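Order as written gives the chain letters A, B, C, D and E; numbering starts at 1 within each chain.
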Amino acid sequence: RDTVNIVGSSTVYPFATVVAERFGRNTDFPTPKLESTGSGGGLKLFCAGIGTQHPDITNASRRMKKSEFELCQSNGVKEITEVKIGSDGIVIANSKKAEKMDLTLEQIFLALAKEVPDPKGGDKLVANPYKNWSDIDAGLPNKPISVMGPPPTSGTRDAFVEIAMEGGCKKYDFIAKIKGEDKSKYKSICHSMREDGPFIEAGENDNLIVQRLAQDTDTLGIFGYSFLMENEGQIQASTVNGVEPTPDTIAAEEYPVARSLFFYVKKAHVGVVPGIQEYVQEFTTEGAWGDNGYLVDVGLIPNPRDVRMQTAKNVKELKAMTGQEL
Amino acid sequence: MNTLNSTITSEANLPEETRAQKYDDKPAETVIEEGRTVGKPLASDPKFKLRNVEVFYGEARAIKNISLDIGRNEVIAFIGPSGCGKSTFLRCLNRMNDSIDICRVKGSLQLDDQDIYDPKRDVVELRARVGMVFQKPNPFPKSIYDNVAYGPRIHGLANRKSDLDDIVESSLRKAGLWDEVKDRLDASATGMSGGQQQRLCIARAIAVSPEVVLMDEPCSALDPIATAKVEELIAELSASYTIVIVTHSMQQAARVSNRTAYFHLGHLVEVNDTTKVFTSPEHELTESYITGRFG
Amino acid sequence: MNTLNSTITSEANLPEETRAQKYDDKPAETVIEEGRTVGKPLASDPKFKLRNVEVFYGEARAIKNISLDIGRNEVIAFIGPSGCGKSTFLRCLNRMNDSIDICRVKGSLQLDDQDIYDPKRDVVELRARVGMVFQKPNPFPKSIYDNVAYGPRIHGLANRKSDLDDIVESSLRKAGLWDEVKDRLDASATGMSGGQQQRLCIARAIAVSPEVVLMDEPCSALDPIATAKVEELIAELSASYTIVIVTHSMQQAARVSNRTAYFHLGHLVEVNDTTKVFTSPEHELTESYITGRFG
Amino acid sequence: MTDQRSQAEIVRQSLKRRYRKERRFRFYGIAAIGVALLSLVILFTDIIGKGYTGFIKTTITLDVVLDGEVMYLQDAADPEQLDMADFQAPIIRALQQYFPEAQDRRDVRELSRLAGSYASNQVRDLLKAQPELLGTTQTLEFLAHDSVSVYVKHADNPSYSIRLSEQQQRWVDQLVADGVIDTAFNDVLFSRGDSREPSNAGILGAIVGSLLTMVVTLVIAFPVGVAAAIYLEEFAPQNRITDFIEVNINNLAAVPSIIFGLLGLAVFIGLFGMPRSVPVVGGLVLALMTLPTIIISSRAAIKSVPPSIREAAEGIGASKMQVVLHHVLPLAMPGMLTGSIIGMAQALGETAPLLLIGMVAFIVEVPDGFFSSATVLPVQIYLWAGSAEQGFVELASAGIMVLLTFLISMNALAIWLRKRLERRW
Amino acid sequence: MQTANLLPLVLVLAVVAYGLAYMRSRAVAEPLGGIRNLKSLPFYYAARAALWSAIPALIVLALWASFEGKVIQNVVMGSLPADLAPQSEGQASLTLSQISNVAAGKLDPALVPEGIAGAAGLLDSLRAQSSQFKAILVLLITVLGAAFAWTRVMPHINARENVERTLRGIFFFCAAVAILTTIGIVFSVIFETVRFFGKVPISEFLFGTSWSPQTALRADQVGSDGAFGVIPLFTGTLMISAIALLVAVPIGLLSAVYLSEYATRPVRAVVKPLLEMLAGVPTVVYGFFAALTVAPFIRDVAELIGLEASSQSALAAGLVMGIMIIPFVSSLSDDVINAVPRALRDGSLALGATQSETMKNVIFPAALPGIMGGILLAASRAIGETMIVVMAAGLAANLTGNPLDSVTTVTVQIVTLLTGDQEFDSAKTLAAFALGMLLFIVTLILNVFALKIVRKYREQYD
């Protein structure tokens, strides 16, 4: 095999494809082949073993999990280099024709969780009773809660749940306390999305969500920053905890609902399949992932410069993960 | 009897050349004069009055200028060699040809002095008055009862279930089938024998009390015993219905009909009382046919 | 001639009851004794020697214990009412029944003293020796030439193209078709008239020089002129082939055959010289049939 | 007689009601067809309305001075220098001819985003091929940047967001007026593989991928399907095993296509170790998927060959196999073809099973063989429909039109073939 | 020699064998007085020669091609110095890939260990030897096969039998592919299904009323129970398919009736293929249409009459899917209605029935088995459809009878589980296989039933 094979996250896919295309255009190597399999699916393929039938690189919109690392190890994929390429903001947006929303993580949690603390008070959980935004906070519009988001099989959903929902959830002390006692119960409280209608699972097609927002002014949508950027004409993002999602606020980690994006390189394949190292290098040049790089044009939020420098250095050395950092 | 048979067989004993010669010398086509029918084609106060009828399939002329009257309560038989147009002519009488796209009918056809092919004429009503029985028994894949009740039902002839029962019973009786099926009226009609099926089709046709029944070779798919039963039935029906029957069996024509019409290549060559046609045909083609020189 | 006809028509003039009565009193079935055939069923040095043949369709017995010899270069006609088993019996002679799953044949059938139904027997070779012509003309949708040449080709009867041309020409000549088609051998056979098609099928059958030709109602779809041509042809062929012909026309049987076999509901009732059968039938069923009391 | 009269009367009276029913029934029929055709019209207007702009590209034609100084390039024949040179610079210079005021960093940046990102590559490739052009002035046609293209094509369409600054919009307006920016038929769509930039993206890769996949599918499914149908119809003994096969085939026709993807993943990729994303595997999977359709329709076609032809051949002494090969097969061929085309049409539009065998991939290079990575038309449409960039919406619709053209031509081919092969008997 | 070149060569040789045997059989026939004295036509002797020379050679070629790699690989690996010897299978494949990339000039030999470069040389020479040997062997077999066939050109041998038996064998094999496919499908889902039932009890899977892969997405996410009940999925599938059929069956049937009974020939010739195009439109298009046009419309209408409707509804998906499957019903029904014997139609018309009465009372019941077949096909297409459902009906597994609610279907869940974020070994991903298996069994049962019903009907007619 002489073509680099890349699998993994659908979130990273647009960035990786841009790099791959440039790489193919500007070098003599063939353009790498990219498959969008989702982060988990990609890691599964990636960790299945070494050899030409297995991919060389996998993208992930979340960090590799310990269990995945172990699977890799057990399948002989010993040395893996982790590359953190930047961040992605998850935005909550609605049609420009509607009122712009200002939300807090707590409000998001109350609006979308399956069970919420009893509004009448007390450390008790009840099935989510909120129908309208104004039920949660009188300052919010008196409109029904209606939010479209990705299905549980998507990494964006994972990240949203882990950052936004859990972020709002743990503000409640009695829930935060549970974390110490029963981790899985804590998670089930904070991570369960309501299934009674206001939250709509809309499939993995973010374009569809965007188009529906344009039509349906009462509905909010959850998706990646790049979709907001492309459609600024029709949709607007809500602020979260008072922060507007912009590249700067996301990079500076002021905007709370942001996550890091990664890819993982199989070291054993470097030097066997031509072009791997060169591709990785292309990805990690300032012209690509830097503050003015072309990835920014497609919506990547760059890492701070020092992180970029450090990562680039690790990449040069193909520094392998130990498993401890996960 | 022996006389005829010897005629036939002596024919068979002729040297081949001579036999072949005979047809070649006198090609059938040339003998017929179009539109001229010998015998008695007309009747006073006829049920059907058919004048200068021509039928075309696309360009091909299948019926060539035929004029004929069919009397009330008469049984008329159409005979003639294969492809001569018997079925085509028969199917003009209740406009069953309508369903063949390329078929066109010319001339004047009248039933009780009303034009059959009048564009304003209601085909449904016409067919309710002129019933038809086909060559191959074609019962609907339903129960025996439903087959017979089908016509009365669609025409709304019965107000009550008991009326319908009466119609079914009397039709089956007339068709001589009642005793054989009265215990299994709910059984499927397709499970009956060929002869029974054909009689069922007749019962179905008469259940709507038509004035005329057209039959196109109704016995050609039946064995002798079944045929006998159907013929018997025709004889009985002839009391109250006008019956037009196409048959390829001269014997059958002789047995059941009052009048016989001989068709040849789209022409109506001769019509006369059955006895007359079979004993002393006027036209030589008719004679050739009934003496078995062809067909 | 008039004598017979008067018999028929006098019959038709009987009151209905009497006619019906006749069949009921003497149900056809009871008169036949199984396996007994009157007349001359056997021959010395026969081409086919058929003994105690029974044919079943599933459970139904369509041929009931028939024994018959068919002589060399004889033309034998099978007659009988519809469904009596003529076709079934005919198709046993070249094992065309093999392709009907539910059909089983019992008894001994020999062609030139070799068992036809021997499991080791090569059907292909058998059929090359016993050709067949069907009721409906069934030319292949190919050119006229290819239709006739098909058999010789698959049997390897011609070494050269010119041999093949010769076979095609002589077969078409024998079938009396050569002059009509010699200028358009490449035209499609399906564009021919019915009579021409049937003669083509005969040419196709004789192109492989069979010893026997079986014909199942070869003229029933033809008009009188075409029929005459085919009959003429049969007469010519009878010089060199054994011909078995099924027909529903007694006249045709009388014209073309040396011997006639009368079938009735699966029984072979009577076999005799054609003249004999038609002038003085021995069995009363035969008589009823040829005098037209049924059929 | 009186009975007949009164009955006739009743019949006549019932007629009005019955004819009303008849008319209503006819009306229902027309209405049904109307609804179906209306849906078709709505769908097609939707697709064409969204997609026709996909067939238009926006170009920007500039007189570029290939100045070595500006590009830091002394010798265009030296690959090392070519790697280091700046090919964006001459393009910016060319644009500055029109807008001399744009000199500061921000303006230059905005100016450089008028031409598409392939522009500099185009200059490089030109010089690489013809080093002697260094120092000359060439009139070059570039693709405009995507946001320019969206602006030019959809400025007055509210469902598109304009991503150009006020200043850029002014520039573009002027360039359009000057005829520098122009629109033309989008030949790029039919000459390139996929790209991340809508204006550079082409469907050729997917077309070739679809063709290769369909070839594999046809070459496998058609003979196997026909042979299977012949065996089942002509040779198989009628018994339980045949029944079992029949149920099996009917059932396979009902198995959701994604399950065939699982099969392909487990058997062809897992068991036989074939590579992912290649037309061979895609073709095999789709062949298995279409096989039941072909078998079922071929059996129907064989059944409809009149028994008289079969008998005629058998009567002459043709063996069973000869009857089948010489007569049945040629006569059944039109029907078999129809079934196969229907099956192929289904395969052509199928996405789900290909998701699992890796044919949903970003592949830029046009595939050059059965074992090179490829995607197919419906997958390409699916990918574009899910991309963030606005330009892909119209491309996806254009892709659908291409796919439909494929389908229609396949059907036309089927009808033509059928007409040619059909014989009357 | 490459397999790609060898293959045509073998075929050419087979053609030569064909020609030689053909000539020989004619020569043999000559003294006997022509080919009529051969047991079979020269064509068959020739075809037999071609088959005998090609088939064994092709089998050997296939075997060689499939084992060649392994053998050479082992030899090359064996030649590697101990320090480079691979530890694992994956390592081996990598090393091999590296060696062959070097051999193919895609990797610079200077950049790889010396042993590898050496092995690359060995690989090259082994490959050359192997292909030489392969070529010799295969060609030898071809020639031997042809020669044997040549000696067997004898007048009393029935070559036709041989050839036809071989063909029959090939035909049988093709028919068996259908069975093999079924086995393949079962094989590809059975292991995962068994593993799934190791984690989730089968009774819970079959009878559970709650489907929520969310709650059991990952072991470390939530360990809630009762999330794998297929009942909501099957009711969702049922509801959407039922709505689709409610649209497609009447429209399709009425169209078919009109086309076959009333429409003129040219109208029929135009409208039928037009309707068939509905089935050819990619489902993504339908998906967008359902989600952006139909679903909002339904919601607005529902709100207008005071009903509560989700913006994604089973109704929207079902309606659009119904339009998509119209042609399955209309085209197939049109065919079977045309196939109803003319005699039945005539029988009814001759009684004075109107066309619609004939249609409703006689033709329709007679065509029912065929129409059922078309509907069955339409239903299976509806069951298998995913894109429209995902876009228009959503992914929420509600156990509901309200068509205005959002529901999901079995196939949609299979697709999302398999293409989304996968979790090896988790019940979530394995569930996709179990769903696939269950669906396969359900359709199988449906088909057995359908066959039984059709058979029963067929016995009743004619």
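General observations
Keep this in mind: a residue touches a chain if its C-beta (ideal position, glycine included) is under 8 Å from a C-beta of that chain, and two chains touch if they have at least 3 such contacts.
Being a predicted model, the structure only gives us computed values, none of them experimental.
Between chain A and chain B, the least number of touch steps comes to 2. The minimum number of touch steps separating chain B from chain D is 1. The busiest chain interface, judged by C-beta pairs in contact, is D-E.
The central chain of the assembly on a C-alpha centroid basis is E. Centre-to-centre, using mean CA coordinates, chain C is 60 Å away from chain D.
Centroid to centroid, with C-alpha atoms defining each point, chain C and chain E lie 50 Å apart. Measuring from the averaged C-alpha position of chain A to that of chain E gives a distance of 36 Å. Rounded to whole angstrom units, the spacing between the C-alpha centres of chain B and chain E is 55.
The set of chain A residues touching two or more other chains comprises 1, 53, 204-205.
For chain E, residues that reach two or more other chains under the stated contact definition are 288, 352, 354, 357, 419. For chain D, the set of residues touching two or more other chains reads 11, 18-19, 319, 385.
Applying the touch definition to every pair of chains gives A-D, A-E, B-C, B-D, B-E, C-D, C-E, D-E. On the chain D side of its complex with chain A, the touching residues are 117-118, 121, 158-163, 195-196, 273, 275-277, 358, 360-365, 373, 385-390, 393. Of all the residues in chain C, the ones that touch chain B in their complex are 1-9, 11-13, 16, 19-20, 23, 27-29, 81-84, 194, 220-225, 227-229, 231-232, 235-236, 248-252, 254-257, 264-265, 274-275, 278-280, 289-295.
Partner chain C is touched in their complex by these residues of chain E: 26, 29, 34-36, 38, 40-42. Interface residues of chain B, counted against chain E in their complex, comprise 94, 96, 99, 101, 124-129, 131-132, 134, 136, 138-142, 150-151, 154-155, 188, 190, 201, 204-205, 208. Touching chain E in their complex are the following residues of chain C: 153-159.
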